[in-house]
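Data first, discussion second: the structure below is written as structure tokens.
Going by the order they are written in, the chains are A, B, C, D, E and F; count residues from 1 in each one.
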Amino acid sequence: MTSSSAEFTRADGRALDQMRTVKITRGFTSNPAGSVLVEFGDTRVMCTASVELGVPRFKRDSGEGWLTAEYAMLPAATAERNRRESMAGKVKGRTHEISRLIGRSLRAAVDLSELGENTINIDCDVLQADGGTRTASITGAYVALADAIAVLKARGVVPGNPLLPPVAAVSVGVVEGNVCLDLPYEEDARADVDMNVVMTESGEFVELQGTGENNTFDRAQLGEILDYAEKGCRELIAAQRAALAQDL
Amino acid sequence: MTSSSAEFTRADGRALDQMRTVKITRGFTSNPAGSVLVEFGDTRVMCTASVELGVPRFKRDSGEGWLTAEYAMLPAATAERNRRESMAGKVKGRTHEISRLIGRSLRAAVDLSELGENTINIDCDVLQADGGTRTASITGAYVALADAIAVLKARGVVPGNPLLPPVAAVSVGVVEGNVCLDLPYEEDARADVDMNVVMTESGEFVELQGTGENNTFDRAQLGEILDYAEKGCRELIAAQRAALAQDL
Amino acid sequence: MTSSSAEFTRADGRALDQMRTVKITRGFTSNPAGSVLVEFGDTRVMCTASVELGVPRFKRDSGEGWLTAEYAMLPAATAERNRRESMAGKVKGRTHEISRLIGRSLRAAVDLSELGENTINIDCDVLQADGGTRTASITGAYVALADAIAVLKARGVVPGNPLLPPVAAVSVGVVEGNVCLDLPYEEDARADVDMNVVMTESGEFVELQGTGENNTFDRAQLGEILDYAEKGCRELIAAQRAALAQDL
Amino acid sequence: MTSSSAEFTRADGRALDQMRTVKITRGFTSNPAGSVLVEFGDTRVMCTASVELGVPRFKRDSGEGWLTAEYAMLPAATAERNRRESMAGKVKGRTHEISRLIGRSLRAAVDLSELGENTINIDCDVLQADGGTRTASITGAYVALADAIAVLKARGVVPGNPLLPPVAAVSVGVVEGNVCLDLPYEEDARADVDMNVVMTESGEFVELQGTGENNTFDRAQLGEILDYAEKGCRELIAAQRAALAQDL
Amino acid sequence: MTSSSAEFTRADGRALDQMRTVKITRGFTSNPAGSVLVEFGDTRVMCTASVELGVPRFKRDSGEGWLTAEYAMLPAATAERNRRESMAGKVKGRTHEISRLIGRSLRAAVDLSELGENTINIDCDVLQADGGTRTASITGAYVALADAIAVLKARGVVPGNPLLPPVAAVSVGVVEGNVCLDLPYEEDARADVDMNVVMTESGEFVELQGTGENNTFDRAQLGEILDYAEKGCRELIAAQRAALAQDL
Amino acid sequence: MTSSSAEFTRADGRALDQMRTVKITRGFTSNPAGSVLVEFGDTRVMCTASVELGVPRFKRDSGEGWLTAEYAMLPAATAERNRRESMAGKVKGRTHEISRLIGRSLRAAVDLSELGENTINIDCDVLQADGGTRTASITGAYVALADAIAVLKARGVVPGNPLLPPVAAVSVGVVEGNVCLDLPYEEDARADVDMNVVMTESGEFVELQGTGENNTFDRAQLGEILDYAEKGCRELIAAQRAALAQDL
């Protein structure tokens, strides 16, 4: 735990509890049932939701559907080009970790028992990375999921009403002792504590992942972090609602 | 070889020798030295050129640079979602084949001896696929390459003047006996002959890849195919020149 | 969020905030510098700390050391035999995720700048799994780390005093609305919320990973969860201290 | 495009439009239904055609058969030993590219609708490489295919008459400005243009693959290249016919 | 062949034909049907036998069962940490070789026709390695197999009486010209000849694997080696019998 | 152990202790330093020895050379086509096991201290398999090794005289109770005991690998097996000597 310095200002001039500009573009591509470009500042992620008949083996004959997610970074998304995982022949641990986080988070936004034995594949491909790619992915993927479910319902494939209220995610970090909302890469790289929070519209937690590799944090600081996270998620959910309110 | 039917019309109403609408957007993302979104109709490919100091082992101490290329399809780019190659743990033969084609084609547009011992990595990631992804990739990658070399020169990294005149690529197919320029997926899937042609501004061939899996073709038909290809490539090179003439 | 049932009792008769029996056996095997068998009830993990000269590339010439961790489950550790990852040819996402968590947690217990350019490899191999394998791994690995550093110091390899105060980890879950400490497999499988907490001796957080896949949780519940976690970690750290106080 | 030097002579004394000595040995091994050793000068490839009941999934219930091909280089086939791909754990792009070319070419020589739901596996294993291994493979594989189909018909497995007229392949290159037929390694390594042509007996093209990595080529040169290719393929088809006319 | 030196003594003071202390602990873990910790001196291997319904494809509808085995070394089992095979992405040749040896050896101790269509998976995981890990594995796995079959019979799953009399294994080496029984690592590393012998209770051979990489051996020496092996195996089988005679 | 039936005759009419016809063709291909086609009846293996400057890391600065071997089966070598290991992405355990056996056996035929810091790569590729592929490989590889060393000496690369006297290998099996020399596939598939013996010219053992998966064997039978093996190896070594006595 470090104490904050009074004169701390963020490189991009934002207030400590201020999100970057968020943009959600629906119908970004036309093949998948749901396709969204989400932007948190310079972070840009293409989130799609594709539908497949049938479910994986462990769900067969359950009467329920399934949702799974894959996250990836395009090679040129980062400041220094990162090696293509398909060429390396193996997927990095970080990629697995984020894919699993997205999958769990989005499963909290869908009632699988209303989906029929269908599978929704979420793909989050980072076109440009500037911090917060996993939280942008979750936030954008909810919108793609909503569009995909609407398509399914229009086609009469889905028996029930599987879409649950929005889920959004944001990062909060502690930088030079200051709690900051929605870290860009430059802040993320030097943060002492990094917390990713996934929340529902009613303000409950779906996932909390906080790590203090460069420093630890106490419960007071945790409280402040969660306040910021809640503010960010509320704004993101408003943006999701606004995007979904428009005609596609 | 099939004879053409007089009343053939293309689904999108184009003339037989007409390209789809081509759009080239420079500066599509900001991290790589060159970043282009190229569109041939509904086919959209993000083409980037990243620069790395040093060269692969087989070029070390040659005084020359190198250029290599990787092509990939996002999972949701196609009508039916295709499996992510990184998760499958291996790269498909088709992917390798196209990556190699792009690499060879772009090496015809750069004088490696003027590049210094630097490597340019071309990445072509298909966001949306509707036929002609490899030809769009080559065409867009030239523009990304040009921008990357400009960056290198501005930084003083490149000793000479490595950029050669444009190289562009187009597909020509024979559909129901009719030679057609720039096939979308719907035509490509039922074409008897499929030819990809890579050309220089002076109208010379860099690569010719023609396959007649459903049918063979004779030299007369080849002549007609190449006429169409030349027309397409000239238009593409004009589009490359126009895009590069604008301020970035 | 579910409300708790008054008459809830745990299958093994424990109080809601009671740990399973914890045993830490040092010197479990003789080849690695530190070797510990840690038991949380029926969960048994062999934790070792091996020392290697030199550091990975990204740490070279930094004057600092590095610590990395790998977690694995023996095939027969689980009720139903699980497939050996080496034979499958790829490591599961879950394995990667846990390995990374252990690594980050243990790096909070070592001052890398005091380690010299040496690497410590932590291996946590689960001999028998009954829930809480990752938290047992972290708790046991700290003791193995302490023993390994003592060996290094005795050999004069380590310049400074790299060992920091203990770090321990415990899981807390919400089962049928009741917050429960240290879940065995039977409870874990039906928990609505599952939180893994890594803490320092001073009661600060190193990692918080909470997931509410079957249900969400609110801040009040989070508070209760963290109270339980703190109680568990304090007891675990006492057990680590007691184990380390004995002669090896 | 380079101009030719008047005094150009080939290292092995051949005329520019002269093939190397071609030998086709049927029944080279006895296990596969068709087994051929094909030699283009010092290039030697073992080509086999094995028959398997059933077809891959995408052809199931189509009433048609399938043909697939795999190409590989033995480690000691080349002047410098090349690494075994099975040990490297991945297949090189070049190998994939050639396997796919062979498959497409041979599918032009078989009427899949006459084959019944059977699969023919073509294997081309290069015992000794001296340029032109892919063209020798295609040429030899046709003969192995013919023998395998004869076996199938004799066994009564094949309903119809699936064998189509011969398909053969040859390389033509431009070396120091001179168009040369059937390049050995020494010429191939320094060729400006390298074209592989697959033709039917009636002189139509099945595949054209030309690359001008070191130089480009124009339509006049293309015409000359195709004249040479046609001459080579006619001679190869005569050799295939002669080999097949003999008793096995 | 080297002549023995009269004054040869073993580092651990054993007679040339003396086994290390052997310990067999049944019920080492509780999840698998059979679980044994076997110790040959400092070599410690966890051997488990897990039962799975059904058989691999090549045994389907044979009315017989199957037994398969996998051997692995924990990373910290050896003096110098060895790389985890799952992380390397491939299994070493040595591992495959030993897994296959264990499988063949144990299949000699089970009558597959009495097993029903069930599969027994033997896992031998080396916790600590000091030579003789494969022979300890075979010896311990027989006891785990016996326990697993007893479980199967108690559950009524196994129709017949599949367990055959014990099979045990021991290594014999030639060190400085002296035949020595049950080599620890220190002797194994400098042995001229290394023989692993798998025997039945009636003194017949199941497997003989002798290698003289540093030296060759003649039939007289072979005779002496086999005498030692027979003595060792008799003692091991007595230990297996004694362990199995106790209540679990 | 089964008793032999008096009226046993071998399918190919050979006496029990008679080898199949053995042919050794040197200079089978021209690129590797040594290249041999070895035939044991219908089993045909191409054995090559290639030379590489330098040694693997564990031999660096030892002043000694190294020899390594790789064995593989062409897909069409067997009665039923076997899957190509490079396409499967992993090498089978059987392949590893045989490669390691060949490597150890051939290292007994070379004095590494006389080789200088050079590596010899042995490749044994089975063109046609009819039992005994590993023993044919070892026998043929010795001749390829001898030729490669002669090339090295002629080039002045090898300081000393690394070639040791011949090493050869043969299989002996027990079929219906009868000891039989040099089993073809048909006998091998139903043998009760299968022994591979690698011997030196002086009649000493390099490797003994005997397995009695379908039955066990006793020392009397072992004696008989080794008598047959010795007869076979003596004949093979005579064939190696005769082949090497001819001009290449």
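The definition used in the following text is that contacts are C-beta pairs under 8 Å (C-beta built on N, C-alpha and C of every residue); 3 or more make two chains touch, one makes a residue touch a chain.
Chain-to-protein mapping (UniProt): A, B, C, D, E, F = Ribonuclease PH.
No experiment lies behind these values; they were computed from the predicted model shown.
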item: Mutual neighbours - chains that touch chain C and chain F alike; value: E
item: Rotation, 0 to 180 degrees and nearest 5, that superposes chain A on copy chain C via CA atoms; value: 180
item: Farthest chain relative to chain C (centres taken as mean CA coordinates); value: D
item: Separation of mean Cα positions, chain D and chain C [Å, integer]; value: 59
item: Distance between chain centroids, defined by C-alpha means - chain B, chain C (Å); value: 51
item: Where chain B and chain D are represented by their mean Cα positions, the distance between them in whole Å; value: 27
item: Overlap residues in chain F, where contacts from two or more other chains coincide; value: 89-91
item: Cyclic ordering of chains (reference chain C, direction chain E); value: C, E, F, D, B, A
item: Contact footprint of chain A on chain B as seen in their complex; value: 29-32, 35, 42, 44, 46, 48, 50, 52, 70, 72, 74-79, 81, 84-91, 95, 121, 123, 125, 127-129
item: Touching residues on chain F, where the partner in the complex is chain E; value: 1, 90-94, 96-97, 99-100, 104, 107-108, 195, 200, 202-213, 216-219, 222, 226
